[in-house]
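In what comes next, chain A is part of two complexes: it sits with chain B in the first one and with chain C in the second one.
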Partner chain A sequence: MFRRIFAIARRDIKSGLRDNMILYILLAPLLIAGLLRAFIPGAGENLVSTAVVEGSPQTLVDMLEAHGSVEILADREAVLRRVRATDDVFGVMVDGEQIEIIADGQEQKGSDTMVRGILQVWQEPPSDLPLTISFSDIGWTLSPLARYGGNILLVFTSVFGGMIVMLNLVEEKQEKTLAAVNVAAISRLEYIIGKGLLGFVIPIIHAWLILLIMGYEGIQYAMVTLVILSIALISLIIGFAIGIYNDNAMSAVSSMKIGFLPIFGSMFGAIFLAEKWHPLLYWSPFYWAFRSVDAIILHEADWGIFCSTAR
Partner chain B sequence: MKKLLTTFHKDMTMSLRSFYLYIEIIMALLIVAVLLFVVPESFTSEQTLYLYLDAELPDRAVWSDLLGQEQEDQLLVFDSEEDVRSALHDDHNAMGLLLRQDDGRIAVEVVLQGYESEKQRQLMETLFTAQQLQSLPGFTDPTVITRLDGMPDGISDRLHLLPVFLVLNSAMVGLFIIAAYIYIDKDEGTIRAVAVTPASIWTYLTGKVLMMLVTGLITGSLTVLAVAGSTVHFGYFLVIMTACNLFGSALGLLVASFFDSMTKSLGALYVVIVIMSLATVSYLMPSFSPWPIRILPAYPMLYAFRETLAAQPDGGMIVFWSMIFILAAAVLYVLAGLRYRKTLTI
Partner chain C sequence: MINVSELTYTYAHGSRPAIRDISFEVEKGEVFALLGPSGAGKSTTQGILTGLLPLQGGRAEVAGYDLRHRSRQLFNQIGVSFEQSNVYSKLTALENLVFYRRLFDTATLEPEDLLKMVGLDQVANQKAASFSKGMKHRLTFARSLINQPALWFLDEPTTGLDPAIAAQIREIILERKQSGTTILLTTHNMVLAEQLSDRIGFIVEGELKLVDTPRNLKLRYGERLVQVEYRENNQSHKELLSLTDEQERLRLQTIIGSAEIEIMHTREASLEEIFIKVTGRELI
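Right, the complex of A and B next:
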């Protein structure tokens, strides 16, 4: 039985390797994880991006650089062009005692308040204030971007494995090669397991490697494997359901696109919604997968909670 | 031209028969429902603060106002400094504040998590100082703000989010779907039928691209008009949507041309879409904008769509990016066409 199951899986690997498809699928999420790992430490360095004209006071440039990034441009027109360009950059023009902040107008809420505060302190450095401030920390170095970024990637690749298996089956259905299975010396169950095997194995390899690349410490890999297996199985079932109810690949693919909405919604809801709104997401397996991986990353997961969510 | 119209008409009929267009419209309606009924107009999230107050200091209500925490559950007061630190270990998104009397002054110790950068700490310190400065008697603000879009409060959080859906759902619709169309034609033998007609490969591919354009314009217009109403500059919107949609379809055609089956090409397209989606992270979190993300085509697309929602949009910027995407689409389209000439039997 196992020989026949592995034969089916081996056939898919062989066909995938012929045009390097499996390599692309394997490497792409790892590449994204590598990019995240490389650039996450720089996040938070440029909370305030500004542009000033040449000849602006050096103390102003130093002050702005201490809080973010500064571009020095030729004249006011160049500053206006920079502010209007694609990203969120504020222009700063000093005219005697007055400082003009030039905003495009659609920047993130509150970012102009930050620029305003920096400039007020630069213009009038206070000497004797009633409150003093100092900083300390509890030594937790894992940023929210690293914590959630790796998790989103992990859940998404698990879904992807299931989707690929579903598409393989839809294709076989279209090409009528499924009929050949009926006359082959293999049962339907063996065929389905063989076809689905890669949809489980690839996400597990991905998950382990993504977690390693992201550099999370103290990860319980057995727990991760259980979550990935659960979510890959659910994705496979969703994939089958889409395949059954759609006669052609085009509507199957667009139905799959609709499926992305709850996947993204569950993960972003878990991040951005206040805890009291979370029951609205309890129906979604992707929400639980995301929460489970989050608990593993934060070292809060134990097998009791785990088995109940994986179920 | 007549041949092109016939091919286009055939493709549109096929998309209606296979319910594909209806599914896309349902998707657009779902997005509208999510944006109007789930996403609030303004959803600026405030960090939860864990506070410890020295016995000699005023009570919590005074500090709640001072710290600008409007919601009750965002400011929690603890009995000891240790309790604050312990609570921070349980909630890695929160921040602690320890307030003590120190030689006639109030000493504020901000307890952070540890992942905050030096510049973030510097910014917190400066904004804290600015807040005190503003409350001093006789303070006059030396800053004035000039807003180029003419909107005193900028756009709402909901409208800020809208470009993400416009780009990923309507502008990039062809990227995902156009390959499926071509493989269906291959599988069903339609391509062989086309081969015996006077239609060229270019007519065949243009028909597909136009069908994707109509789909993108219908779903995009539906979404933007329902969510932004009269705020959107519809002319500019149509220009940038057309350019981005053509680019997405041409890119989809080119990527799909390297594979011999729908499944394999969708695998590659899926990877392309996930990479493109990374641009939304930088768009929603500008402090994380590394160059590999800034060079992704979806990055300027998001900002160009946002510009169409301004009171006084920068038309030059929208037209500039539209031209860039149309040029890029033309190059990709020609490359894809040359490849399909070899692989498709037309």
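Right, the complex of A and C next:
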């Protein structure tokens, strides 16, 4: 039984590696992950960029310029806007004896310690003077690009598994090889398992590689695998259905594209819609997958939540 | 090996049955040919017997398996060569056969040997996409032998092939026949059917009109003739005379006694002529 199942899967791999469209599907998520990783700020930077308001003490500006670039902006709002931008900039506000460091979470890990150190040197505070340095962020612990970009890619790769299965089925129909398989000693169940195997294996490998490329820390790989498996099953069913009803690759891909709409809709809805509108997306398994992966990336997921959700 | 009784099949969008009440038997080691024009029901019959089409009406037993209770084990014993080539174009010839052999539970032939047998050993590692129609057909044909089938279904095995390749395929079929393989041949090629078959069934408009050996068919329906070419008064003449007509027999005797015979041979009615005589249809 397993020999026949693996024969089907092995044939599909071999054939897929000789098909430009399938090769693209296999490589594109990894290339996109690499691009995302390149744009995630902080990595590899060794200078501290800061933004201050006009009128800040010149000695402070000089001290900060000695350790990196300094942008002098009109007011606090402008500094906040600058900090929220996608690159790696700290805001520094001085109010009398109180110094405030503003971060948005996308700065390189540990760079805030460096800013604190610079400010302490600038102050050279005598031990008898009270000094409070406060550190605050504006609610994000991970950059939006890293948090949502990686997540969207992870959920979307599950569809690619179904798409590869679909293209392999269409190939069998176009070349009429299904008739030859039907007169061989392989059962329908073995054939379906063999065909479907790649629909699970490819998204899981993609997911693991994307997580590695994106450089997330402390990821629960088992949880991610579970989420990917559950949505890969849905994508696989869609892939089989489209493969069965289409006789050529182009019409099958067109049908699959229509399926992208609810997938992207669910994910962007989860990002941009207010929480009160989220029940409108509860029907979509891709919404739940997106939320689950989000919780895993933010280290908010635990097995208890997973098990209760499963129940 | 095959036992078919009152087989009937109607396609989903068909207004009338594609085959009606077809009954025949094929003994072990026998080559049985279903002859008929396009659309007569040959491929439908073969489709049912190979499990590609469901059994709708009647009974059929193939290689000891009742098709009403289908078993995948049946496919270890049969091989099917399709009229239309159906190979994986992105795989090489060798990869096609290696993949296919893994789908069987029985001992299989070596793919390299099969490729050599059909003259594709030199292109074993070329993708089937680069093959000509004839090469793909040979690969499809070779694949049908990989599980050493006891019962071999051949659907138009030489149609569309050039004469040299067709002769090569015919030789392979004859070898398998001599080694005891049972063969069900569906074709509209009368010459091939006559050369290979032990018995022939004429099928027209979904009905099996007649089943017999090629020899009996000729004896029953064919007219024995003599074609004679002779010289008389320095002129060449050619005549076709019946051996069953008294007047023509006397005319033949006269020619033999008085003229210089150049060529003389008996000529039997062809299967095609008999087919037309029996069914009233031509083999198109």
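Quick notes on this structure:
The working rule: the second predicted complex is superposed on the first by the 185 of 311 C-alpha atoms of A that agree within 3 Å, B and C clash if a C-alpha of one lies under 4 Å from a C-alpha of the other, contacts with A are read in each partner's own complex, and residues count from 1 in each chain.
Assume a residue touches a chain if its C-beta (ideal position, glycine included) is under 8 Å from a C-beta of that chain, and two chains touch if they have at least 3 such contacts.
Worth saying up front: this structure is predicted, and the values here are computed from it rather than measured.
Using the contact criterion defined above for the overlaid structures, shared-chain residue A:V183 touches chain C, although it does not reach chain B.
Once the two complexes are laid over each other on the shared chain, residue contacts for A:R116 go to chain B alone; chain C is not touched. Judged by the number of chain A residues each one touches, B leads among chain B and chain C.
By the touch criterion defined above, A:S255 lies against chain B but remains apart from chain C after alignment on the C-alpha atoms of chain A. In the superposition on chain A, chain A positions 19, 171, 175 are in contact with chain B in one complex as well as with chain C in the other. In the complex of the two chains, the chain A residues touching chain B come out as 16, 19, 21, 24-25, 28-29, 32, 35, 38-40, 42-49, 66-68, 80, 83-88, 97-114, 116-121, 123-124, 126, 129-147, 149, 156, 160, 163-164, 167-168, 170-171, 174-175, 247-251, 253-255, 257-258, 261, 265, 272, 274, 298. Listed in rising order, the residues of chain A touching chain C in the complex are 3-4, 7, 10-11, 14-15, 18-19, 171, 175-177, 179-187.
Listed in rising order, the residues of chain B touching chain A in the complex are 15, 18-20, 23-24, 26-27, 30-31, 34, 42-45, 73, 85, 88-89, 92-93, 102, 105-117, 119-134, 136, 141-151, 154-155, 157, 160, 169, 176-177, 180-181, 183-184, 187, 258-264, 266-268, 270-271, 274-275, 278, 281, 285-290, 292-294, 299-300, 303-304, 306-307, 309-311, 314, 316-317, 321. Interface of chain C with chain A (complex): residues 50-52, 72-73, 75-76, 78-80, 82, 84, 86-91, 95, 99-100, 102-106, 127, 140, 143, 147.
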